[in-house]
Amino acid sequence: MQENDRRSPGFTDLGELKIDVDRPRRTGAAEAVFAAGKTPDQVVRALTELRNAHPELPALATRCEPACLEAVKAAFDGVTVAETLAVVGDFPEPSLGTVGVVCAGTSDLPVAHEALYTSRALAMETHLIADVGVAGIHRLLAQEERLRSFSVLVVVAGMEGALPSVVAGLTDRPLIAVPTSVGYGASFGGLSALLTMLNSCAPGITTVNIDNGFGAAQAALRMLRLTDQTKD
Amino acid sequence: MQENDRRSPGFTDLGELKIDVDRPRRTGAAEAVFAAGKTPDQVVRALTELRNAHPELPALATRCEPACLEAVKAAFDGVTVAETLAVVGDFPEPSLGTVGVVCAGTSDLPVAHEALYTSRALAMETHLIADVGVAGIHRLLAQEERLRSFSVLVVVAGMEGALPSVVAGLTDRPLIAVPTSVGYGASFGGLSALLTMLNSCAPGITTVNIDNGFGAAQAALRMLRLTDQTKD
Amino acid sequence: MQENDRRSPGFTDLGELKIDVDRPRRTGAAEAVFAAGKTPDQVVRALTELRNAHPELPALATRCEPACLEAVKAAFDGVTVAETLAVVGDFPEPSLGTVGVVCAGTSDLPVAHEALYTSRALAMETHLIADVGVAGIHRLLAQEERLRSFSVLVVVAGMEGALPSVVAGLTDRPLIAVPTSVGYGASFGGLSALLTMLNSCAPGITTVNIDNGFGAAQAALRMLRLTDQTKD
Amino acid sequence: MQENDRRSPGFTDLGELKIDVDRPRRTGAAEAVFAAGKTPDQVVRALTELRNAHPELPALATRCEPACLEAVKAAFDGVTVAETLAVVGDFPEPSLGTVGVVCAGTSDLPVAHEALYTSRALAMETHLIADVGVAGIHRLLAQEERLRSFSVLVVVAGMEGALPSVVAGLTDRPLIAVPTSVGYGASFGGLSALLTMLNSCAPGITTVNIDNGFGAAQAALRMLRLTDQTKD
Amino acid sequence: MQENDRRSPGFTDLGELKIDVDRPRRTGAAEAVFAAGKTPDQVVRALTELRNAHPELPALATRCEPACLEAVKAAFDGVTVAETLAVVGDFPEPSLGTVGVVCAGTSDLPVAHEALYTSRALAMETHLIADVGVAGIHRLLAQEERLRSFSVLVVVAGMEGALPSVVAGLTDRPLIAVPTSVGYGASFGGLSALLTMLNSCAPGITTVNIDNGFGAAQAALRMLRLTDQTKD
Amino acid sequence: MQENDRRSPGFTDLGELKIDVDRPRRTGAAEAVFAAGKTPDQVVRALTELRNAHPELPALATRCEPACLEAVKAAFDGVTVAETLAVVGDFPEPSLGTVGVVCAGTSDLPVAHEALYTSRALAMETHLIADVGVAGIHRLLAQEERLRSFSVLVVVAGMEGALPSVVAGLTDRPLIAVPTSVGYGASFGGLSALLTMLNSCAPGITTVNIDNGFGAAQAALRMLRLTDQTKD
Amino acid sequence: MQENDRRSPGFTDLGELKIDVDRPRRTGAAEAVFAAGKTPDQVVRALTELRNAHPELPALATRCEPACLEAVKAAFDGVTVAETLAVVGDFPEPSLGTVGVVCAGTSDLPVAHEALYTSRALAMETHLIADVGVAGIHRLLAQEERLRSFSVLVVVAGMEGALPSVVAGLTDRPLIAVPTSVGYGASFGGLSALLTMLNSCAPGITTVNIDNGFGAAQAALRMLRLTDQTKD
Amino acid sequence: MQENDRRSPGFTDLGELKIDVDRPRRTGAAEAVFAAGKTPDQVVRALTELRNAHPELPALATRCEPACLEAVKAAFDGVTVAETLAVVGDFPEPSLGTVGVVCAGTSDLPVAHEALYTSRALAMETHLIADVGVAGIHRLLAQEERLRSFSVLVVVAGMEGALPSVVAGLTDRPLIAVPTSVGYGASFGGLSALLTMLNSCAPGITTVNIDNGFGAAQAALRMLRLTDQTKD
């Protein structure tokens, strides 16, 4: 079973891992490690390569099991953990716009935190508005002005996932909806919230995968780079 | 192929139709004719029997195709048609409480009308608040006081179906949520709105089948009869 | 990551928790804590705030894991536990009408108990009729008179979930159907019972989420408040 | 594009059609023509071969479109049509036991008729009990004795499909449940009734495909042949 | 929370358990205990009542967890366990016809055993033909004659579930198809095999729930009682 | 059936239609008319109100049936039609950034056109790159530089919907993925493409509903307003 | 709305159509036109370009509506139509191995024909074995030797789709399974047959999309080119 | 419960196991043991029989649990384990063509390894190209020449599963797509990747079950045997 170990332009080829070191230039963010299904050793190895390739950027691993998080904390200094996300290296100074992460219930906080910490690792300024679900709409309306003060909104909700529709009607900001798997019975692991967000009657909402706070932050980055005067 | 044609206590046995003439006594409302899959002739025959059994009550047929509606209008005087619903006979004076039918978008009106006309046929007083979807939440909040003035609320919404969650947080009234098949793509014929309503974070919402305005009115009747002093 | 800690009219803002203390006035019942996805500490903190805000009402937490139940029992006196439901504080005297909880099989009892204890916490008088599934219809018919004696019916069933259709044909009472996840194979975690209840040929049934005994009790409360002379 | 046209033991090979003329010996019933997706000409050709192979048996075609039914009626004498079923040839004298076809609503009659006419074509004596849905359970209980008088029961129901569970608790007869596509919204084309029947709490129910009255009759035949003294 | 403890004709009312002691007379078999979701204590209590009501019949509990099986074995003498099925009491002498249980793969044996032991407990003579999946069709054809020697066939298969279609083409016996959850990936917990069996092109197959060997045996009993001369 | 016709701050209340005339101020775009389920008359009436409220903005109606399009063209001058989209009024001068609409196959063009014309109506400059599906990846790579020249990308694809993943790896621009219902069989009306986009391994993709070119343009608007110096 | 019209190496860029003229060199077969969702004019234009680019190869369009087929027949000489497939140009002499197309029922013939004509257009020799469904297994076994005489097998089946499993157990040839949408009820448009084929217990089966006879032929081509001595 | 223990031509009948010893002659590969649902003892017994029947071939067991793998390693010498696959006996010299296994991400390696080891056990030469997902398309394009050097390609991908579409556009080799269950949320256990592969716009892709690396290798074997000059 021969394997490839050539070094090619644009990526570092370690055989079973090929680090896409050219990605920051192309897409504005370094590759992150999707840890699910990888051994702790593979995750550490990939993070090491990312740190070597981009020492100025924190390296991220998502969907880490506890054993994986332990291995990462043992292997590196300066690891920040938020649920299943590991951030290796210092958070940069915020240099892009502001991301407001809004979440419907306290149970949605783990996903909101994934969005918040990823955003910070990508040099965005972050704010959290928590527990403003639509069953007590006045809690949300009390934040209306503040909602309009952020550049981009990430709205996180499980169960029926109605929050993004209401928020989108209150502001003109880009709104990234994140369905969560919070719920039971006919929530079908987040399917209910996902369908709600895809079918929103409020135009201009976009959606990411269930529980994908990481992806929402990445999308926010793409949007905020539009306003980045220092970029080119 | 022998068939049954005996006359039994509590129902009129016409072979392929068995009219449950005892139902008003047991459940508070006469049987209605579910017209889908029946021939126009079968529908007319069933309505005739219902009129004979309960001359004081209007007779209803739901899910009527156009040919069926034509046959009903030809067979009876005094037919009111609302979309696929036919009401044969005069509407009674309202003698029970008030039903407020709230609908998210103008496209949901056919289902709202089914709920309204069925409610009227069952002697309830009805009101309609239309086009108050959550993307323009101020339209709904302008109705907050009025919402609290009805005895029972029927809230009709398609697409993401978020309206009942918000309304339930504003009032203490029984709230019957009706998902509609309005939408496209990932609304999957009303599934999206249905799941939203079943997973609502606002406690105390109950749900009926997709597009089932008729059933919502029947449920409202059961609730309003709780307050009916004239009943027994 | 700045967070909000302002105190706003109508709710207590603790940052990640915003207690909707105005909810009893608006909807007739205090907020309950949805414990799934929350840490035991968050649940205890929320219950404490609810107890402070409404000392006269018991505080409820639903979907508690065992560790969460332990934390709640350690933090408060007078905790009643029914499966995953925790009730903190004394049950009030029943002052509203009667709720009859009917369940199809003994395996459905945990969900039935959630409905019963929530109903009691909300000041309703409760009764249980258990193990009257439709495969032995005479067991149910023997209860016909008793079924008609309750103000509101909560009918709990897993597997094929046929019980509400039969009960609804026997009485004129509001009927809240609760599908359970009892079953295996093609029950698909309660989907079979849920679809049955949504498609019932007996008009006037309304349905809540799978295993949602809590929500059924909340819906019953909204109905029984219609008859509450002491309310306004 | 060469094709096979050899004549093989046990079947007649017409290239694109291979008539399984040995099937009555092996399985107790002649092959039937599944007309969906076939041209009228192919259906007529297949029926002709079946008539030639088994002149003593009526030949059946299921799922016929109107154009196909016209072609069959033009091609043969003595065609009986029941919805999409065509029976070519005389019905035999009933020589096996009795089949009781029970159906929940008048809208389910087309499927019930498919079961009835197929049963008659297979030499079974047939009876119909129609419109005994569970929302008016007394209509069904009035038939309890009669239900127990048949050898085999075919129970046909759409919407929530609860009828077989109740019937199975009243008799010891083999019970073949036939879900129908009657319904709307969350009936999902008969899925609701199908899941109900598969999950029945009444033991001993077996189920066939949605709208498959033909298959139910074929299953009944296999059961009644167990009691056929004249068979071997 | 008052509960019912009246003793009614036809069943023994223990409050949360109502033993349908009249069921053998009505349906030909005693009630069995569905153990899933019940406490071991509830299961033992129900089995005790069944033994008291019908001392001449073995009492069955299905879907028992290991702790439940332990409790049953501790509480009674003469317990036979087959996977999750517990049989309390002696197996009767076979007095009805023969049931041939055919299974596609060795992995399907647990479900096949549930069918076999239930059949024996219901006084049927049982035979097993194992590991005759359709990928090696000659293994099945070698059993053709033997297949035709049984009164009723129970055909058990997971994965693609094709075995019943082939067997039904080889015999005229009633054939009860049992899909199993054996498989992975797109078998979706037995859905693949279930759909295969419902859509079989071989007429006369009936199907039960996924992994429901118990139900298949109960259905076989209903069929074999047709031939029971001693019954009435 | 009384109806509301009060005039409230922020919206024009026409009873069954409530025009949210305040929406441009809040969200940056005027309300559009969702025509599905509305009568042509209702659509024309709503467009008239929108034209009156915002004479400087074109008014849009989506999901128009042919009869509806005819009515709109008869009622107004200057109607542009793109598939089911009607634009009433002149397109404004582009004053915001550029939107590149990329589509996988020629069959996806109708959805791409909906995105293009909506974008133009919202004052964005638009470009189309068509027929660059991933099966001929060199067609796409030949556009790599051009892809990077747009401010925002809308990527439209049916069937397997893989195009957004590849495009997102080539640029740092915000990327809105639009699944289409183009396909057959296991595409399940666009579900396949939708799931692909939600599960993309390329971080930063966001997704809208199936066939929702309109929503993608609305989302692009929210993003481009971030860079609009003239806004406040 | 500017569009691209540059001419790039490897493909012909016509703006909304980009003909991948390099594809035969890369993948062994010319691009085909997927006609669904295209106008007849677009289809004719694409076929014209393909004929110009590769005059020696027939040009194919799949999923053509009747109007599209008419346009194609009007635009070209020498058009062969098989259901929704149009072949423009002469079929080449067979120069690769043999493809045996086996189909379960006569209703599956349209899909089988799509596979046959595509195979012939791609220079393969084709044979058809029709109507050998598993319910009459002897019809199939009579073909066992012949099945083993082909290089590649394409096995087409709807309903339960069991045929590929049996055929794969009889031969060592590559076997491409094609599920069809033939069926009703719980066949769910071919899903049942698709799942069957994916879950086959016979190792070595591969599957294509529902009704995708075209894709099966393309896959066969890739396999037979392995044996093509003239290729390089 | 009598069981069969006859010895029949073509297979070894051990009652609950029937070893299809004739399978290599018919299909080109020995039977493998599907270990899921079997006891370790049953797996060892079956492997023993396979080793006895075909001493020259390694015997394979798939889907082994850890306890099963331990039992196999204890029972035999020379066991190779790759995830849940056990290979008993020496790998043969490669005598057929080359299989290139391409996988999208490092997390897909377990499934890729199952394909690789099975291929080696079946005498094919194997190569691995790992971590070439489409989000960094240049990593894949750097392998374009190498991809074209293999006889058959097995392409393994989870999440959105887009890799096979791109690879198929770059080569003319048979391509077997293997979806994996890698992913979360709306990947639904591999369904997303599976649908992507079935709907690929790149013609000639065939697909196997989710995570079925074993089946892909078996399919590759059938293809490579086409080129095997030593076969007959």
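Per-chain residue numbering starts at 1, and chain names A, B, C, D, E, F, G and H are given in the order in which the chains are listed.
Here is the rule we go by: a residue touches a chain if its C-beta (ideal position, glycine included) is under 8 Å from a C-beta of that chain, and two chains touch if they have at least 3 such contacts.
These are the chains along with the protein names UniProt gives them: A, B, C, D, E, F, G, H = Nickel pincer cofactor biosynthesis protein LarB.
Remember, predicted model here, so these are calculated numbers, not experimental data.
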Reference chain E; chain at largest CA-centroid distance
F
CA centroids of chain B and chain C: separation to the nearest Å works out as 26
Per the centroid of Cα atoms for each chain, what is the distance between chain A and chain B, given in Å?
45
Would you kindly tell me how far, in whole Å, the mean C-alpha position of chain H lies from that of chain C?
50
Measuring from the mean C-alpha position of chain F to the mean C-alpha position of chain G, what distance in angstrom results?
35
Could you check chain D for residues that touch two or more other chains and list them?
23, 34, 105, 135-136, 168-170, 183, 185-187, 191, 194, 198-199, 201-203, 209-210
Looking at the whole structure, which two-chain pairs count as touching?
A-B, A-C, A-F, A-H, B-C, B-D, B-F, C-D, C-E, D-E, D-G, E-G, E-H, F-G, F-H, G-H
In the complex with chain D, residue positions of chain B that touch it:
1-4, 8-11, 13, 15-18, 20, 22-23, 31, 34, 36-38, 42, 46, 63, 179, 181, 189-191, 194, 209-212
Across the complex, what residues on chain A touch chain C?
105-110, 116, 120, 126-132, 135-136, 138-139, 142-143, 146, 158, 182-187
The chain C residues in contact with chain B across the complex are 23, 26-29, 32, 34, 97, 151-152, 168-176, 194, 198-199, 201-210, 214-215, 218-219, 221-227
Interfacial residue positions of chain G with respect to chain E in the complex
104-105, 133-137, 141, 159-162, 165-166, 168-170, 183, 185-188, 191-193, 195-203
